[in-house]
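In this document, chain identifiers A, B, C and D correspond to the written order of the chains, with residue numbering beginning at 1 in each.
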Amino acid sequence: MEQGSFAQIPMQFVGPLRVSGIQLEGEYEVPLATYEIPLWPSVNRGARVSMNCEGGIKCTVVDDRMTRSVLFEAPDATAAFLALEKIKAGLPILEKVVEGTSRFAKLININAQIAGNLLFVRFEFTTGDASGHNMCTQAAEALMNHILGNHPELEYGSISGNYCSDKKATAVNGILGRGKYVVAELLIPGKIVRRYLKTTPAKVVQLNIRKNLIGTMLAGGSRSANAHFANMLLGFYLATGQDAANIVEGSQGMTLAEERDGDLYFSVTLPNLIMGTVGNGKGLDFVLDNMRRMGLDEERAPGENSKRLACLCAATVLCGELSLLAAQTNPGELMDAHRRIERGQQK
Amino acid sequence: MEQGSFAQIPMQFVGPLRVSGIQLEGEYEVPLATYEIPLWPSVNRGARVSMNCEGGIKCTVVDDRMTRSVLFEAPDATAAFLALEKIKAGLPILEKVVEGTSRFAKLININAQIAGNLLFVRFEFTTGDASGHNMCTQAAEALMNHILGNHPELEYGSISGNYCSDKKATAVNGILGRGKYVVAELLIPGKIVRRYLKTTPAKVVQLNIRKNLIGTMLAGGSRSANAHFANMLLGFYLATGQDAANIVEGSQGMTLAEERDGDLYFSVTLPNLIMGTVGNGKGLDFVLDNMRRMGLDEERAPGENSKRLACLCAATVLCGELSLLAAQTNPGELMDAHRRIERGQQK
Amino acid sequence: MEQGSFAQIPMQFVGPLRVSGIQLEGEYEVPLATYEIPLWPSVNRGARVSMNCEGGIKCTVVDDRMTRSVLFEAPDATAAFLALEKIKAGLPILEKVVEGTSRFAKLININAQIAGNLLFVRFEFTTGDASGHNMCTQAAEALMNHILGNHPELEYGSISGNYCSDKKATAVNGILGRGKYVVAELLIPGKIVRRYLKTTPAKVVQLNIRKNLIGTMLAGGSRSANAHFANMLLGFYLATGQDAANIVEGSQGMTLAEERDGDLYFSVTLPNLIMGTVGNGKGLDFVLDNMRRMGLDEERAPGENSKRLACLCAATVLCGELSLLAAQTNPGELMDAHRRIERGQQK
Amino acid sequence: MEQGSFAQIPMQFVGPLRVSGIQLEGEYEVPLATYEIPLWPSVNRGARVSMNCEGGIKCTVVDDRMTRSVLFEAPDATAAFLALEKIKAGLPILEKVVEGTSRFAKLININAQIAGNLLFVRFEFTTGDASGHNMCTQAAEALMNHILGNHPELEYGSISGNYCSDKKATAVNGILGRGKYVVAELLIPGKIVRRYLKTTPAKVVQLNIRKNLIGTMLAGGSRSANAHFANMLLGFYLATGQDAANIVEGSQGMTLAEERDGDLYFSVTLPNLIMGTVGNGKGLDFVLDNMRRMGLDEERAPGENSKRLACLCAATVLCGELSLLAAQTNPGELMDAHRRIERGQQK
């Protein structure tokens, strides 16, 4: 292993896009780092639409937690069940254990699965403004040690039992929660849809049903009713110093569209945005610059900056998703756009 | 939207790791770009193990194809069914249509789903050394136009119907194939397991069953029996100019481990490595350098370089997966390693 | 184990319902055996609707096959890959092997998965009028023996490797096919929707999107965008001597609804109807009676009777699905119906 | 629709099998109704094994609840979120609402999902000795009415939003709980494995990993790591008056096997046994007889009889699963058994 350098990923700010909601209100430009340069004009088109809609993109943070599941081995299922009952009953003590590991980590809930004699315990934490991978692992380690100390009948199985579930396509994260759960919504007047997106509300609605809902279902998809959340997430995560491997679960979200009195209601639901404003990657100069430009370098209550970040991320996803779906309603448009944008830039 | 710059992702070469197989043979260093710096020593530990195993990591390319599913609307299911029968019967003509769109794209198979009156047709192509997203979209567009011209009863639904399935967690890609399907295997003498990985074959085997197979199954996982494929994939994809949003399906793979006469058989199966040596991102200087250092800048038959690249990627995934699983067999080791590596590097 | 008796499941014929399509045309009554007696009036309501729609329920048999996946152990993935290449190349010989095992079984396709050194080969057969479980197992056994005889490097793993996949909730059956793949469709005039179903096309369409598509997706559903296919399938399977454990995969299907010029287009897509008119259970007197009453006791080309049966089954599913969805569009209606029907019949 | 009759499903008692655990202890015969007659000797073989193991099959009831998810439409996600916060805060009042609907139904928990402006609320109840479908629907109706009365901003969406999830293959039931969650375990001496099952512990363990865990994962399976749970569930459900359409989620369970000092640890985990001793189907004479023979007609605390029933069901599943897996370790055995048993019984 030798001294390192840097992979230089092309990055641009797009926007401004207009957002509103409990967490933040106003016009923002957002950075996207990607090799897929047609992403910029695509997201930008959606951003322009948002600027022409009253109130812009409304963002709601539904939930916020980070998890780690540990694995114990019990002599049998009855022992696992009895231990679990005691573990749950001792939640206040476990909360204290976690407090001893970090200023920011708080234990908020426990879920579990028993399979044969195996006991998977999924701890849920809030982690302030950090995405919280390490904070949770550290807390989980302390919890395991505490529990093993009080349950001689249990044995260490694993500090992570994959019921967490980190960077894997699973259902558990969407159902029990992991990361910031954000919904971004936009009500677009019909004439704006026609002018900026060259399509109609009805066409977008129909395509969303057929492609994102039906098509994904046929593909055996796992909570992934969207066209390309992963593209925007990758660009945004890289540009803001996030662990972009978390786009795996981040991409498991849903696009909904409805016609409302001739206008287009369009929303993206992202239950698993694992991201923060502090931690690994956040100290790099360009990340600090990007955070500053989005106003996320200010002092706020713990967790507030990362929620704002997640809102901006969800709004960005909405812009890109809207633009691509609109393009796909028109035969030939997608490929034309790619050809136009990439001409001269690639061999 | 303004002029762009670059996101600078820390990058290092790790290794060398030893590989063998039909595609390539020898010792290679591989680049990983990531904000998660403990990834480097972790993969490096696995690489060291590979250097101490006879033959090193054996890589097998089981399959190679890229896909795009289009969506037609038919008057009813019978019409969709009859159209599909004709489309399939006309495969040789469709092959010609595709040949007209690119030097490299070849249509190799068709799959389809009918839901109500909707017809999803999934075209499978080989795409030379490109990952092939655009090549497939272009070919699919030509195929749609051809089919619509011959089937007045069908209407355009979408150039992409999500039965492809791009950058979403689905089952279809693993089952029907999308990307390079690579298996990497390593037979590790028991004493090497103990010396370099500080564990035993039995412990790794047991953890893999409990965590990767059982834990993922409990989590409602979708073909994702692994600990952290996504981490290595992200690092490798970014360092080699790949569209890293494809780690979503790339992460859907399986780790298997068995004890064999006191030694450890360890394998990773990655059915959906969507990657290439030409196309978007491949012209950047650091990417060219990295490709050159892995010997992938040489002239070879179309598709050969990208298969080699996929083998090196799979071998890298194996190294990181092995190292993390080994660490998790020992209470406390994972967190200790993180603390040791990150101390002084983060606030 | 002692001498047996019979579980007496309440059974009624419902209908007539009107069907059309390539396989059959006309009015049919269909039998349903169930403990859940509100099912009869519910399906009956849908049947009445079908009688008031021009052409009735149009049924399309999209596919018909039965499968068994066997498991081989190879020395490594390369050996598995090379063996698979040879197995596929020898398809004509394998077809002969299967012909020797049964008058009806025909091998029509092979799919495979390689995971590490394991080779799962999924054989696809047509099986005449039998659902084909045993016929496939017998054919698969002969195929395994043949292959093991020609591949000394392979070892027996299992006669069934769960990649088949029988009576389990998986994605493979919908994607690769298993059982009869039937779509049933009905175009219902708006006034019929209002008169018989006490609702509107728009309400049914909206509920189907929100409940069957979105709700199922949120639940981490596996290709199961429907309200209660399983209820009708259970009743129909029991009444016609089918192995009703196959409702597990049978229930994995999709309901689609669209408004068309004020009318309601309503369809059910059932890709995995594993059923037949001969085999276990078909010789019981009441089953023979039921088959006769549906006209399925006549001599027809192999496979024709079972396809007709599958069409009637799909049409029955449509009736029950339509009726329940309609009821759920109206607050209070579902529970009222249950209370009304069950009053006096239960304690 | 005409007067009904009965589908006569062949039924036999098998066993005795030996069980132990918190709920019940002793030897029991269990009834199975099925068209697939090889099921009886297969389960019986497993039962014989249980009689030769100390303590027999240990059953643990990990959880017991029944659910119904309702769907509300909110103006937007923020409104949905704020309403949900209030609904959760008012849990004690909601508990009262439920108490008014039934002597037995108790509201024990609430989960929710927000997608766009849609709010899915999943109510969890205990339902005494009933499986609880109707009890939950009735309670959910009252809850909806109460909530709609207090939240004029919400509109009725559906009494069931498929996030429940009833009779569909989903992940939510396993993760959040629905039905009785039972683990059945058996420790089988190596010599008993060899004598009664004609195989070895090592072979069963290996087959379970490769077939049930790996094979199912490759098939895109949804929490269904088993060979044929559905067969035993169907037979047991029909014989005890259960709504057998619930075998869909019932079949989503896991078989685990481990070698322990030369003996075989074998367990089945069934998180979704939706069954009861009262309600639809339970008043039929043969069902009353069957319940009586299993000692489930005695007066016990609410819920106790149905838990015992679930334990006997899980133990029966274990017997059949063990027997089939053992058979599949030996080439040719499965087909031989089918041929031997079915000869002379079928045409």
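Worth a mention:
The rule we apply is simple: a residue touches a chain if its C-beta (ideal position, glycine included) is under 8 Å from a C-beta of that chain, and two chains touch if they have at least 3 such contacts.
As the structure is a computational prediction, the values presented were derived from the model and not from experiment.
Where the sister copies chain B and chain C meet, the same residue numbers recur on both sides for over half of the interface positions. Least-squares overlay of CA atoms from chain A onto chain D yields a rotation of 180° to the nearest 5. One inter-chain figure worth recording: chain B and chain C are separated by 34 Å, centre to centre, where each centre is the mean of the chain's CA atoms. Note on chain placement: the centre of chain A and the centre of chain B lie 22 Å apart, centres being C-alpha means.
In chain C, the residues that reach two or more other chains under the touch definition are 113, 115, 118, 171-172, 174-175, 214, 216, 218-223, 254, 256. Because contacts link each chain to all the remaining chains, their graph is best described as complete. Those residues of chain A that touch chain C in the complex are listed here as 171, 174-175, 209, 213-214, 216-223, 225, 254, 256. Residue ranges on chain A touching chain D, taken from their complex, read 21-22, 58, 60, 62, 76-78, 80-81, 111, 113-118, 171-172, 174-176, 181, 183, 185, 220, 254, 256, 265, 267, 269.
Across the complex, chain A meets chain B through its residues 1-15, 29, 31, 33, 35-37, 40-41, 44, 69, 71, 113, 115, 118, 120, 134, 137-138, 141, 144-145, 156-172, 175, 207, 210-212, 214-216, 218-224, 226-231, 233-234, 238-239, 241-248, 251-252, 278-281, 283-284, 286, 328-329, 331-332, 334-335, 338, 342, 346-347.
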